[in-house]
Each structure stands twice: as structure tokens, then as C-alpha cells.
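Naming follows writing order (A, B, C and D), and every chain is counted from residue 1.
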Amino acid sequence: MIRAAIIGGSGYAGGELLRLLLGHPAVTLTAVTSRSYAGRPVSAAHPNLTKVTALTFVEEELERIAAADVVFLALPHGASMVRVPALLERARVIDLGGDFRLRNAETFAAAYGMDHSAPALLAEAVYGLPELNREALREARLVACPGCFPTGALLALLPLARAGLLGTDVIFDSKTGSSGSGATPSQGTHHPERAQDLRAYGLFRHRHQPEMAQALSGALGRPLDVTFTPHSTPLVRGIFTTAYAFLPEPISQEALAALYADHYAAEPFVRLVEQARSVYVAHTNFCDLSFACEGRKVIVNSAIDNLVKGAAGQAVQNLNVMFGLPETLGLTFPGTHP
Amino acid sequence: MIRAAIIGGSGYAGGELLRLLLGHPAVTLTAVTSRSYAGRPVSAAHPNLTKVTALTFVEEELERIAAADVVFLALPHGASMVRVPALLERARVIDLGGDFRLRNAETFAAAYGMDHSAPALLAEAVYGLPELNREALREARLVACPGCFPTGALLALLPLARAGLLGTDVIFDSKTGSSGSGATPSQGTHHPERAQDLRAYGLFRHRHQPEMAQALSGALGRPLDVTFTPHSTPLVRGIFTTAYAFLPEPISQEALAALYADHYAAEPFVRLVEQARSVYVAHTNFCDLSFACEGRKVIVNSAIDNLVKGAAGQAVQNLNVMFGLPETLGLTFPGTHP
Amino acid sequence: MIRAAIIGGSGYAGGELLRLLLGHPAVTLTAVTSRSYAGRPVSAAHPNLTKVTALTFVEEELERIAAADVVFLALPHGASMVRVPALLERARVIDLGGDFRLRNAETFAAAYGMDHSAPALLAEAVYGLPELNREALREARLVACPGCFPTGALLALLPLARAGLLGTDVIFDSKTGSSGSGATPSQGTHHPERAQDLRAYGLFRHRHQPEMAQALSGALGRPLDVTFTPHSTPLVRGIFTTAYAFLPEPISQEALAALYADHYAAEPFVRLVEQARSVYVAHTNFCDLSFACEGRKVIVNSAIDNLVKGAAGQAVQNLNVMFGLPETLGLTFPGTHP
Amino acid sequence: MIRAAIIGGSGYAGGELLRLLLGHPAVTLTAVTSRSYAGRPVSAAHPNLTKVTALTFVEEELERIAAADVVFLALPHGASMVRVPALLERARVIDLGGDFRLRNAETFAAAYGMDHSAPALLAEAVYGLPELNREALREARLVACPGCFPTGALLALLPLARAGLLGTDVIFDSKTGSSGSGATPSQGTHHPERAQDLRAYGLFRHRHQPEMAQALSGALGRPLDVTFTPHSTPLVRGIFTTAYAFLPEPISQEALAALYADHYAAEPFVRLVEQARSVYVAHTNFCDLSFACEGRKVIVNSAIDNLVKGAAGQAVQNLNVMFGLPETLGLTFPGTHP
């Protein structure tokens, strides 16, 4: 059994991670920390886990945490980078936050508004999108799980990027559920004003944009101008992304379908469907893709669950790759209808 | 024109009051106060009023406020009772809060957890349900608008109470929208946990229970055991109440229908419908009622908009009665479909 | 491995059953029928199962179906009773519909508006609420799974009924999600008119009422007057029931808590919680209960997922009991937060 | 008083039109037709209008209909073009459908899949977006109200188009509420599958695309490549559009703000706000706009209510322009918070 610890288990991503690891047949949870819930049962923060586990949150102590094979961090931005150097001396680390996603410390500082305290690790950290970096993940010591928006956006256009078929501009128009804002109430997640609202936010300055640009330009082999517009919607779970790409040459629907089918043939969690819909990937680790083209214009739609494939599920998928386990272990929940 | 002022205009009830009074053909708004928004335009708190009014929130100053014919208070519980005595020397007062709804100071203290600072006014205050107290309202100096739950509950059973047809027990099972919790975000209105949730709260100890008991027992002429269970639902607007009454004798559907038709024949805002539904009263001052019976058991359903008939709309209806205006003035918005 | 077949796999209950049985470690699905989808992959009706199974719907043929150890029926009312006699000659039967829930053919005829074609089997059929009938289920040939409303209602009051603590009347005020109406669009599930609506329906004449009365009177040992009011809400998944009971004698909160704790101590799927909420049981087989009392009045709240504990999950739980398997097998999904 | 008739009053757009015209101080409704509801009260189709009007739907008879100054048509596509020639002989016509929006009969045939039966009128019909065609509307005999999507999309980019500041490509990524699908239940509006779903549809082939291209190219003075992607969301009311434009030259936020402020200074129903949100325009005739830029890239967000500014409200606005009335008459409902 792989011994795993979680730092920061009381938020939504931490709660999903807990749920998934509790049901993972090859993992034993050795410790789950929470500053605000230390000493209280896990079900105090996550009532869904009542009668499912008797686990109790503990204070964060290095000795206890690091007595694990792998440590997951589900913390606010900036909180991982001060912990990871010490943790790495004893365990492999999977970070669900943003601290190690960007390879360049200056880009990080610009995006997150703080200096990086462990810039030397940026080059070593593996960006944890298995569909992009599976080989590097197998031996990784430090894995930076992608942001929720980049996960859906990148899976939408990776086949075109790797085939060199992107022009100079791509646009990601993304629509997210409210669970992406976390467990703390705020004006933006106040039910009376969210339940029937749609709005865009962070135009031209969301911190997931440089992450998308880095990964997609990397796959393409040259710089790419990435525009990213997130939207708040009444969904609870899910990110639906509409990606717009302008190809150097016209492409046919058949050629596009063949490219995607070929690219994702072996991927256990990517499904090519007639019409991607967020409702069918809720609570699963799937990313559903559908697409259409007209001349040089290609539109790809992707649907993921922001807390599973966009966070905790992908972290577990990374664990499976890192430890040589079947990649779907612990991630087989098929979603529901409806 | 009637000069009106509002104390506490930045919350949801205050915002609806603002909206209704701005569109009221016989009212001029002389001042609207807000501690947190003073000096800022009304649309800063209520973006729906952008380009609708150029009004600005002001600090609360007695001189300015009381230079009105009528002062509305839309404040947290306990904040009205310390203001009303001074206000009453200069203007008539319509209170949307709970401070003057209960006639007994001890009942108030038990329900609200604080002593009443102006108990002498409790006997004078008129309980502002026009369908119950229209005559008393005409000359009232101080009107206490009913709570949102009591409004829908009382209208459901008043005909039976006044006809002396209630037994010893009634049950009000009420389902409310999230706007009833006000404009401040909280765990209970956090979208991810509210959007698909249903739960009961405050069992046997909600402060609207004594208010219901007082009014219904008053109408019946003898004490009544009132059970009230509020529920949180994913609605934004609306309270739907299912009232259970046990009559002394069996009643027929025809007799029940005749009783209600007769009782509410002249009421402009009560509609007897086949099936009350919250969606059709949203944003209106209507209360829709439907009912059924079996033997001695009667079930009455009522649907209101908690912020209109349950708060600001009823306050305006009271204003109309107090000032001898047509009762529907400024309250003619018919709702929408859907 | 237990060989199982499903008749009627394209609806919501059938889809959930499919999903649960596909993930059940002791079950092999031998056939799934659908009149409208025969010949097409299961994922055509249930897109969530894309890439999860390669199963294809088949026509209903007795030979193929009955070559199973157990046959599940997920059909409209009236469709099971004409199939069950032939099926029972070869396999055990678990019916998710209403045909065999009522023991009395006349009560059935009155509730369902049709004569029963196999009344002789009514006495044999075991009402499949494991918390009530576990022993009888072990050897049952024919199991009638309870309706979704009765499941939550009965679990709320069974401890009081079995302790002989119910008076003459109980009221079940239930609030249901839209998935309970099935997969076929209708006016009542039209999104624009359902998303923000609350209404009651079927007052005094819902067919789940006699089912509740039969089971609860049976547990109590004498007739009981059961009032049941279902409500449509904007939930998708879930039934939340508020049960009102009037006890012969006053009871304390401590005594009530002890009674429930004792009664449900060994139940794997009943949780006693501070505040039952539908959101925390969604997609699980749990029934969460909370309660309060005042004098002789007791209120019990129950929350279930109508398609899992209220339908397909309970059917699988029954399967586990019938075949001597651990009762939670295949039913361990813990729900999510949020 | 202007005498108005409505052909097709039982759908959602017709219902909103009814509601608005019933409250319009300069209009008398002379007839409202409905094939399915003829002879029944208007409130049978629109329960919100119970006690608001005693009007009854009538059969469609030319004599009765055309005894009006203006006839509104709220009919399925293809149903207006066969009626308009006869109607025009007696009354002015405002069509809410798509039959007269496109100036070219071939484009119409391609978009709507049917030949146009009155192509001679296409040149005469005035495209009823007052912000674009106010002058032409004053004398128009036949007005074709824009589609719901084009209304929000065009208002987002008209200032740039008229200033000649658009490049070769624009993208409209639009998110719509379910009321846009009309009053008839369908799989796409089935609550269990819509309440938490997001999906794109009609990629590259929605019939509102040529309408957008025609109007925007017209304003720009040269052809423009318009990509339009509609999305289904859990909203009931509202269309939120994110418009992407690539300018010939970089522009500053200040210059952009000045351009929009100048362009829309006199418009009563266009509001420039910090962040457009669908919730604040619900049930109103407003279009809220916000925008941002980076280099040559401009993003404009627009929010409208699809049934008001996107349909019935705009039709009434057109009426006001056509008959020389104040443009906001009957359209002053300010929306609500929340």
C-alpha cells in the first residue's frame, strides 16, 4: 500500500482528494491536516463522509506528514512553495496549487503577485497533465497539477498543437461552476446573485492564462497568443470550454476527427463525443471533447469536472502514473444520468 | 406627493422598497440611508437601478429623515425600536423588521433574545397585513409589517380561523428562497451547497412562530397550537407554504372553495388558483392560494414572493392604505411567464 | 458471479441500475432490454456510460432474460405484473415499479387505476425495504422495491412505529427533485418553469400514500391515518421529507435520540446527523435523518437520493441481502462535497 | 390609444408581449390569437396574468386582427411570411419571428430551410434594432425584430463597426437561458438534464449567424467573417455574449470607453457598466455592456433578457419609435436585486 498524506484537507479540492483516496485500493491515508478543523472528524468539514471514515484532521507536523510515500498539498497559492523543499527530502510531492506550474519565476511573480521562494524547483517540477507528460511523471519527485481551466483548455487543443496546426492566436472561452471558488462564501458565490447569473471576469489577466500559453506553446514548439476568458455560471460542478483556433490551412471534419481519434486513442479519460456536455462528466475524471470546423476555423468544446479531472482526480491519476499503478485505479466512478 | 424616506436601503428588502417607491406615482423619495454605502449612488448597492435613478445614499440624520410624511425602516432586528419613538414625533412609520410585530414584550424577548426598548408602543403598532387589519391601518401611526413566513402562512388559514373552523393544531411547512437570508454571504447561501440542497432549520424555535400564533389565535378567538417548519430550497425568490389544518367537522371541497372565494372576493392581491406555484408570483405582490380537503383534514398551499408580498411590496400596500390611495398603486407588476 | 438481467434499462432508474450493476464486483450483466433503444449501445441512452461499457440494449425475449439468476424490472406501472409470473419460474425477481408493493388487490386497483393481473403473487412479494424486512428478503423470490417517497418517509418514522409511539395521525410533507419524473420531458419538468418553482401536487391522492400507510400501520400494529403531500422543487436529485408525528405522551430529545440510535445502530445506510440535507446524500444509498421534539410533537427529517436509495440503489441493496452478499457491495460511493 | 393585435399569444414571447402591452399606457389590445387556446382566458396559457386581465384568446380572423393600427406576430419561423402581405394592406406589422430579418431570399432559404413566399417585402422590411435603425423605423410599415442572439451581439460591437475599427474576424460566444427554447418541453429543456448542464450547439450553422453578419457588415461597410457559437446554460432568462474583435490597430481602455460612451450616450436602454451580468437585466429591456482590451484584441460582454430586449420588449420599443411615443413607454420595469 502506498502511504499518502494530505496537507489542507478541509477545502473542496482537499475533500474530493480525501474521498478519492479513501476509496483507492492501493492507498492508505496516514494523515490529513487542517488548521481550522484539527482534532475534529473529517466529516465535520465534509458531511458526505459521515459513516464513511473515522479519520480525524491533525495539525500539520513535518514528522507525521513526511512519514508517507507521497504528500498531496491542497493549499492556497503561495502556501506550497514554502513547504515543498522540506517535504521533498522525504517524500514525493503532488501539489494541487499553482506554485509550481509555471517554469519561469518572473512569470510566476507577475501572475501571482508574489516572489517565488523556491525558484530552483520550478525546472524540476513536472506539469501534471498525464495526457501531455506521462513519461516525465513516472519518475517525478514533484508534480504540479494543472489548474482547472488549463486542464480542459489544453486537452481541447493539444492534438492540433502537437500536429503543428495552430496559427498565431487561440481563444479559450470557459464557463465554470461555483465550486471552483472554494468552500468560503463570497459575494460571487452568494446564491441569490449566482443562481441565475452569467458574467465574465478577469479579462486578459487571469493567472491561468500564462499556464495555458506555456503548455500550449511548448506543445506547438513556438509562441502562441492565448486569450482566455473565464465566466461564472450557475453550474456547481464543471468547466465547459469553447476553444477557437485558426489553422494555417483549411481542414475537413473527417481529418479533424481522425486527428483527435488518433491522438487520444489510448487515453483512458478522454472521450470523443458528439456533443460535450458538462452534466455527463460531473463527479468523474473524464474530459469529453467534441468539435467542428469551417475552412480554417476550428471550434473544440471540452467538458470536465473542475474538482475531479480539474483537481483531485487528476492528482490521483498522477499518483497512479508516478507509482506504476493502472491509471484508472480509484477513478472509475462513471458519472450519473442525470 | 407623499414624501417618503427609507432607513436602511442597501439590503434586499431595502432595495426592493427603493425600486417600488421609485416607480410609485404618488411618492417622492426624500432620503435613503445606508451606513456602508453613504455617499455612493444607489446603483452601487443595487446594480439593477443603474440608469434608473441618480439617488445617492445618505448618512442617517434625524432632521433629514423626519422631514418626510412616512419613514420606512428596513433594518436588522433590534435596530428599529431604538429609532421609532423619535421618528413618530414627526412622521408615520412603516417598519419592515420584527421589532413591533409581537404585542407582548416578554414574547418578544423570548423570540428575539433581547429586551424591548419601547414596549409602550407594542400595543399601538398595527400589524400590517392589510387582509387582516385594513381598517386599523388607515389611521395607524406605526405599522409593523409581517414577517415573510407569517404573510404566506396567515393568508392560507385566515378564512378558516375567522370562520372558527380550526381545531387545536395547525402546521405550517414552509419552503423559502435564498433571498430571504439577505444580501450578506453565509454558509447557508453559499451557491455550491445551496443550489441543489433542501433542508429544514429552526425546528420548533423560529421567531416567526409566535407571530403566526398571535395573529391566527387572534383571528380564531382562542389559543391555537402552531407548528412551523421553515426549509431552505434552491429558489431565489419565493415562499411556498403547505398549511395543515384539522377541522372540528368534515368539510367538502365545494364548501371550502366557497368559504375562500367569499373571504377573499374583494382582495386585490389574493388569487385563488388551481395550483399555487411560486414561479407565478415572483416579483409580484400576489399571494396565490389553492387547497384540498379530505374529511376533517384541510391542506392549503400559498405562494408569495418573500421580498414583495413578504416584505417591500406589503410595506407599500400598507402605505397605500394608510394614505387613502388605491391599494394597488405602484404594485401592478404582473409577474412573468416564465 | 451472479447473473443479472434488466428489463427496461433506458429510463433514469434503469440507467442508475445499469451503472451500479456494472460496478458491482459480484454481478455479471447478461442482458439489458429497451424497446426504443434495442440494438443501440447503452451509452446512446446514458451518455455518462460512454467508454464505461460496450453493452448494447437488446429486445425483450424471455429465453435470454430468464437465463439469469435475478431479473430486475424498471418499467412503468402495470408492465411488471404481466411479466413476473413467467419470470419467476426461472429466476428471482426484483421489481422497481409499483405493481407488487401493495398487498391488497383492491387497494392496488384504487391507487393505480387498473386491475391486478397477478393478485395471487401479492401475498408472496416481499416489500424491499431492508431496514424493515431484511429477514424476509433473504429467501424472497419476488421483491417489490418501495417507492421513492415511501422509502424516505418510512425510514423517518419506523423507530417510532415499532416502539408503538405513534398516535392516530402522521403527516409526510415531501419535497422531490425533477429526476423523479423520469427521462421523458413534460410540462412539469420544463426547465423554464421548474428551475425556480415550488408547488404541491396530488393532494390526498398520490399512490404512494397507501404504500406508506400499509407499511407504517404494519410496523405499528394498528391502523394509522397517513397524510402525504409531495412537492416539486428545483432539485434534480433527492427527496427531503418532513414527517410530523403526534405521540401519545411527551418525549424528550434525549429519549428520541436514544430510540433512533438504538434502532438504526446496525444499519449501514442510515445516518443520524445534526441536520439532514439532500445535497449530502446525492448519488449515494444513504438515508440521513435528523429530528426534534416539543411535548408530544415530533418532527423527523429524512434525505435520500430518489434514484439510489429511492430506487436503483435500494434494488441492489436488496440483491445483496437476497444473495447473502455484504449489504454495501457495489454501493460504497460516498457522495461528494459539494 | 393605439389599437394593437397579437397573432400567436400563447408562447413565451407572445406572453411577454401581452404582459407589456397590457401595461402600456398608450396601447389598447384589440385581439390576441392562439390556435390551441382560442376561447380560453389568457391566464390559461399565462398563469401570471390571472386577475391581471380578463382577455380571452380568439381564433385568427383577418377582419378582427386587421382592425388594429399595428399587428404583432409571435409565430414560428415561416408562419409570418404567409400572413404579412394581407396584413400590410390594413395595418403596420411588427414581426418577432425570423421571416423578414434577412434581406436576401437565398440567404433566408439557406438559413431556414424553406423558400421565402414574400421575397418582395424583404427589401422593405426594417430590421428593428432601434439603436441601429431608429430613423428608418419611424415610417416603417413592416418591422422585423432581431433575433435574441443578434440583439446582444450587435449591441456589443456596433460602436466598433461604425467606427470602422473591426478587422476581418469577429467571434460571438453566447450563453443563453432555457426560455429561449420556448414553451414546449423538449429533451434540451428537460430539467434533470438542463439544471446543471452547459453545452454548445449549432456550431457554424445557427441561423442567427447570417443575421449578425448582415447587420454588422452593413454597419462596417464591408464584409466581415462572423463566427457564432450559442451555448445552453441553466439560466432561465438571459443571453450573455462574449464578443471577440481584432482591431486593425491597438486601442487603449480609455479610447475604447470613450468610443462606447459617445456612441451610446443617448440610448435609453444601453448601459455601460463595470461588469455586465445577466442577473441585473432579467425582466428588463436593458442591454448592459462592459469591455476590456489588450493590444489589438477587444472583448465586449453584453447581457440582455432574451424575452424582453431580445424579443417582446424590443418589439414594444419599436412600436414606440414607429408611433412617435417616448421610447421607454411601457418598458420602465427596472429589474430586481436579486
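What to note about this one:
Everything that follows uses one rule, which is that contacts are C-beta pairs under 8 Å (C-beta built on N, C-alpha and C of every residue); 3 or more make two chains touch, one makes a residue touch a chain.
This is a predicted model, so every value here is computed, not measured.
Farthest from chain D, judged by the mean position of CA atoms in each chain, is C.
For the interfaces A-D and B-D, the C-beta contact count is higher for A-D. Centre-to-centre separation of chain B and chain D, using mean CA positions: 36 Å.
Taking the mean of the C-alpha atoms as each chain's centre, chain A and chain B sit 46 Å apart. One finds 39 Å separating the Cα centroids of chain A and chain D.
The residues of chain A that reach two or more other chains are 12, 177, 179, 183, 192, 195-196, 234, 236-237, 277, 338, listed in rising order. Remark: chain B residues 12, 177-179, 181, 183, 185-187, 189-192, 194-196, 234, 236 touch chain A in the complex.
Residues 169, 171, 173, 175, 177, 192-193, 196-201, 203-204, 227, 229, 231, 233-238, 240, 242, 244, 246, 275-279, 282, 290, 292-294, 297, 299, 301, 303, 338 of chain D are the ones touching chain A in the complex.
Chain A meets chain C in the complex at residues 12, 15-16, 19, 22-23, 45-52, 179, 183, 195-196, 236-237, 268, 271, 273, 277, 280, 283-284, 286, 288, 307, 332-338.
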